[in-house]
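Quick notes on the structure that follows.
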Amino acid sequence: MSRIRAGQPDLSVEVGSLQLTNPLCSASGCFGYGLDCDPLLPPEVFGGVVTKTVTPQPRKGNPVPRLRETSSGLLNSIGLENCGLSPFILEKIPALAARGIKPIVSISAGDPQGFADMASALNREPVAALELNLSCPNVASAGANFATDPGAVVEIVAAVKGAFTAGPVWVKLTPNVTDITAIAAAAAAGGADAVCAINTLLGMDIDLTTGRSPFARTTAGLSGPAIMPVALAAVYRISRSVEIPVVGIGGIASAEDVLKFLAAGASAVQVGTIVFRDPTLPARILDELAAWLTERGCDSISELETAWR
Amino acid sequence: MSRIRAGQPDLSVEVGSLQLTNPLCSASGCFGYGLDCDPLLPPEVFGGVVTKTVTPQPRKGNPVPRLRETSSGLLNSIGLENCGLSPFILEKIPALAARGIKPIVSISAGDPQGFADMASALNREPVAALELNLSCPNVASAGANFATDPGAVVEIVAAVKGAFTAGPVWVKLTPNVTDITAIAAAAAAGGADAVCAINTLLGMDIDLTTGRSPFARTTAGLSGPAIMPVALAAVYRISRSVEIPVVGIGGIASAEDVLKFLAAGASAVQVGTIVFRDPTLPARILDELAAWLTERGCDSISELETAWR
Amino acid sequence: MRASLTANYRRGRVISCQPDGDLYFDLELSVEQETPAQPGQFYLVAAEESLDESLDPLLKRPLSILTSTNDRLGFLFKVVGRGTRALARLDEGDGLDLLGPLGNPFTIDAEPQPLLVGGGVGVPPLIFLSQQLSAAGIAHRVVFAFGTAGDIPKWLLQGMENKVEICTLDGTCGFHGNPVDYLAAEQDRAPARIQACGPGGMLAALRGLRKPGDEIELSLEEHMACGVGICRGCAVPVKDGDDWRYATICREGPVFPDDVLHHGELEAPLTGPGSACRCGEENNE
Amino acid sequence: MRASLTANYRRGRVISCQPDGDLYFDLELSVEQETPAQPGQFYLVAAEESLDESLDPLLKRPLSILTSTNDRLGFLFKVVGRGTRALARLDEGDGLDLLGPLGNPFTIDAEPQPLLVGGGVGVPPLIFLSQQLSAAGIAHRVVFAFGTAGDIPKWLLQGMENKVEICTLDGTCGFHGNPVDYLAAEQDRAPARIQACGPGGMLAALRGLRKPGDEIELSLEEHMACGVGICRGCAVPVKDGDDWRYATICREGPVFPDDVLHHGELEAPLTGPGSACRCGEENNE
C-alpha cells in the first residue's frame, strides 16, 4: 500500500494475502456492524473492520446486567446478541460497501455445517475475510466449546475453507485452554489463513448485596488492559509454533501496546474494550504509532525490526 | 474458636478439619518464610501463614529482571528461589514455632517420590498443613506441568497423603488449563483435603527498547487485582464440582474482595501481590471485614449466608 | 434509532465541585464547543487523560445533564463507588473527558400536564426538565423523593422550593413515604404526562398508577460501557411487533415511553440484577 | 541481613512539588513520626489511599532519600513512566503513602577520601551523602553526570556549585563525556572511597577504574515490588563463599561494597535486562 501522506511512515501491514492500510482493526463485538458509531468513530480509521459475530438466526442476547467493571478490566455477558445472517447480508454489508469498506466478518454457528453454510452465503458478498468465533467462553454446555477441542477446530475450519474462497479465513482462539498453541496448530491444519488471539478470559464477579454473580449465566468474559499480559504470551507462543500469521487482541490501550504485540509476533491487532473508554483513541494510537516509527527512523511497519536490532 | 474481643464478630473459619483464626492467609511466595517482614507485618495477623514454596534442594532462582508491573497486575519470574528443605526445617520452622505459629508449608518437587519424601520429612515438624505447588506455569519443559495433568495430580497427591499424616494436604491449582474443575476433581480423587485456586496466569511483557520479553524465560506469572475475576470464576466452579473445601487466591485487595470469594464458595482466602503495595493492608482488611459483618448483624463468618438471604 | 451520533468527544474544566446535602455533589464545568442538550440526555464522564496514568477505573461514568448552557455543563451526582469517589475529589481547574450529549430527551409538551417524579439520582434530569418547561411557560408538577431530609441537595433546589413536592422515606421532610404512595392517594388526579427517573422499583410501581389519559415516560439506568449503542451492554426489553427485542438504554433511551417497554415477563424492578427476561439459550458475548 | 525491619508505614503531605531543570522534580513532604534516615536509603512512595479508587498503577515506586530532617522528607525524581508522572502532578497538601526508610546506607568515613560519582537519578542519594560528609567535616569530591546542561537540577544544586564537578554527555556543561572517562584521565589519583549511584553501565565501568587502596560502594537499582525482601524481585548476584547467591537490592542493598558483588559471568551492565547470570533450569515464581 502506498503512503497516506508524504513524510509519514507507511503503516500498512499484510496478514497473509490480506493487505490492511494500518495494523489496527476493530475487535468483534466492540464496534457493532461498523457504522453504528459513525461519525464519532468512522470505520475508515481502522485497517480492518471486524464486525459483531453474526449467527445463522438472530439472537436476542442475555438479560441484564451484561456488564461489570473490574480492575483494569470489563466483564461482559452480552450473549451474542446479533441481527442474524440474512439482515446482516441485506443491510449491514451494503451499508459498509457504500462507504467502500469490505468488512472482516465474524461468524459463529452450532456445528461445522452451520459454519460452512454461513461461509458460502458470504462467499458472494463484498467481504475482506471471515473470522470464525469458536471461542465464546462459557456456553450453555458447561464450559465445553469448539475452540477447546482441536478435532472440532480442524473440522470447522476445513468445512469453511471448502465453502469460502473470496478471501482469507481467520480463526479466533480462546485463552481458556491448557495449550493455545495446540488449538492454533489445529486451525492451521484445517487450512486457516491466520489465527486471532485472544478472546475473553472466563471470569466472574459477585454482587455483595446478594452474594451471587450479577450475571444470569454466572460467569462472563473478561477483556481490557487487565488481560493484555495473557494475550501477549499467547501471541508470542502461537507465532513461534505455527506458520500462519497471528492477529493480536487483548487489552490494547496505546501505541506502545500495539508495538508490543507486533514485537511479540502479531501481524496486526484488534482493539476492543478501550474504545468504550475513549472512541477517539484509535485515531490517536495511529498518530502515535507513526510518531514512534519516525523517531526511530523507520519508514514503515515492515522496518520495525530494525528499531530492535 | 472463641471471639477475640467481646462484641467483635468471630472471624474464625474452618478449612476442612483445619481451624483458622480468620479467613485471611498469606499466599505462598509473597510473605517469605513468615518472619521476613516482621514487625511491619507480623505473621500473627494472618489466619494461616503459607510459606514460600520450598524444593528438596535450594534454588537460586531466575536472573533479573524478575518483575514487571502491568495494568492492575504484576508479572513475576522469581524462579522458585528458596533455601531448600533442610534449612527450611532447621531454621524457618523453629523460628515460627518460637512465635507459636505452625505454617502451612508450600512444597514442590520434580516427581511424585520427591513430593512424598518432602512430605515425610515434614511429617515430624510443627506444621499446620501442606500446600502442594504443582502449578508453576511455564516450566522449562515447554508449558507442561503437573497441575495440567489429572493423572499426575492424582498420583502426587496420593503419594503425599501416604507420607503425611500430621495435617491436611492442600493442592494449589493453576488457572492455565481448559477445565480447572477436572484438576480439582483429580486432587480430590488423590485424597486432597482442600484445593487452592488460583496460581498465576501465564503472561508476558515486551521491552520496547529491545522488542523482546524482559524475562530470561520469556513468559512469567501474572498476579494481582487484574486476575481476580478469573480467580472468582475458578473458585465458584470448583466449589460446585468437588466436595472438599476451596481456598480462594487471586487479586484480593479489600474486605469486599474477601467477601466475594467467600460468597463464591471459598472457605478461606490468601493475599499475595497487594501486600507489596501496602503491608498494613491485611490488618485493615480484617477490621473492615469485622465492620461489614457487624453492620449486617452477623456475629461470625459462618453467619455470612444470612446476610445474603 | 437515530441514524448517526450527534455526540462529541470534548474536554471540560471544573469550575466548581461542591457537596450539596449529605449525599450529593454539584459539579459545574466549562466546556469547549458545547452542543445544546435537552433534559434526559446524559454524558459519559471521566477525569481527563487518566489513560496515560491509570487504566483503573477503566470506563467513563454516565451522568445526567442537570444544566446546559452555551459553554457550561452542570451535573449532580452521588458518591457510590470508585468512579464517583474520584469525581468528588475534583478541584477547580481539573480537566475532564466528556462524551455527549447522549441519548434521547423527555418530551416537552403542555398536554397532558407534566408530572415529574424523581427519586435519588433520578432527580437531576427532572430539575433540568422543570426549568425547560417553565421557560416554555408550561405548567407542571414536580415530586422528588429522598431517603431523609439531610440528603436533599438544598443548594440546588434553591428557587424551586415552592414548586417541588418533597417525599422522604423516613418522613423527616415533606410526605412520609415514597412518591408512589404519595400520588396513589390522589383519587381525582387529572390526566398527566408522568415523566419519571429513579430506582427501578419506583418506576415499576409508578406504572401501576396509570389512569386513562395518562402518558408515561420513564428514564432508565443500567451499567454502561460505550454509551453509544455499540457494546449492547445496557439492554432493556422493548416491544417489537408481536415479539420483543433488547433496546439499548444509552442510544434508544434513556427515556422510553412506558408503552414501548416489554413488561411481559418482568418482575417489579424495571432493570437491575435479576429483573429482565432470562430467556434461555444465549451464549456470552 | 538485618534481623528485622526498622521501616515504618506512614503518611506524608506535599509541601511542594516543583520542576527543577528540564527533567527532574523536587518533592518536599512533611511526615508524621519520621525515622532518621541515612544517605543511600530509600522510600517506597505512592499517592495516598489510591487503593480505594484505583489499583493501577498497583505498586509503590522506590525513590532515594534526598533530604531527611525531623519531620521533612525530600526526593528528586525524573518522570519516566506512569508512576512518576502521577507524582509530578502532586499539589501542595496532597497525601502520600510512604514505606521506609528502607535499605542500607553508604559508609560515612574519612579514609580513604570519599569520591562521590552520580549519574542521572543516581544523584539524589549522593547529594544527601555529600551533605552528611560535610556536616561531619569529611573532605570529599563530588562528580555528577547529566545528559545535557538543561537537565541539571540547578535549584537543588544551589550552594553545591563549587563542590560539584559536572560532566555532560553532550559537553554543554563541564566535562564533555561520562564520569568514567573524566576520572580515567586522572593518572595519579589518590586512593579513594568511590561511592557511586547511577546507570548500570556507569557502575560497571567505574569498577574498571579501581586502583590499589580504593574502596568502592555501588548503589544498585532494579524494579521493586515489596521493598522489604519478601518478594525476591530485586535480585543481584553476590558472592557466597566459593559459590554465589541472589541478594535482594531492597533489603541487603541498595548499597553494596563492590567486592561483595559476584561479577563472574556478568556482562558490562550491572543490573537490567539481559545482564545477570542466566543460569539454567529454574522455573518461574
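Each chain carries a letter (A, B, C and D) given by its place in the written order, and its residues are counted from 1.
Rule of thumb we're sticking to: a residue touches a chain if its C-beta (ideal position, glycine included) is under 8 Å from a C-beta of that chain, and two chains touch if they have at least 3 such contacts.
All values reported here derive from a predicted model rather than from experimental measurement.
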Shared chain contacts [chain A and chain D, defined touch]: B, C
From chain D, the most remote chain by mean C-alpha position: C
Which of A-C and B-C has more C-beta pairs touching across its chains: A-C
Rounded Å distance between chain A and chain B, as computed from the means of their C-alpha atoms: 34
Whole-Å gap separating chain B and chain C, where each centre is the average of the chain's CA atoms: 44
Mean-CA-position distance for chain D and chain C (Å): 53
Shared interface positions of chain C, touching two or more other chains: 55-57
Chain A: positions in contact with at least two other chains: 71-73, 210, 219-220, 224-225, 253
Arrangement of touching chains [line / ring / star / complete / other]: complete
For the chain A and chain B complex, residues of the former touching the latter: 70-73, 75, 143, 148, 176-179, 181, 201-206, 208, 210-213, 218-220, 222, 224-230, 232-233, 236-237, 251, 253, 256, 259-260, 263-264, 304-305, 307-308
Complex contact set, residues of chain D against chain A: 55-56
In the complex, chain B residues that touch chain C: 71-72, 225
For the chain A and chain C complex, residues of the former touching the latter: 29-32, 36-40, 53, 59-69, 71-74, 76-81, 136-140, 199-200, 207, 210, 214, 216-217, 219-221, 224-225, 253-254, 273-281
Interfacial residue positions of chain D with respect to chain C in the complex: 52-57, 82, 85-86, 89
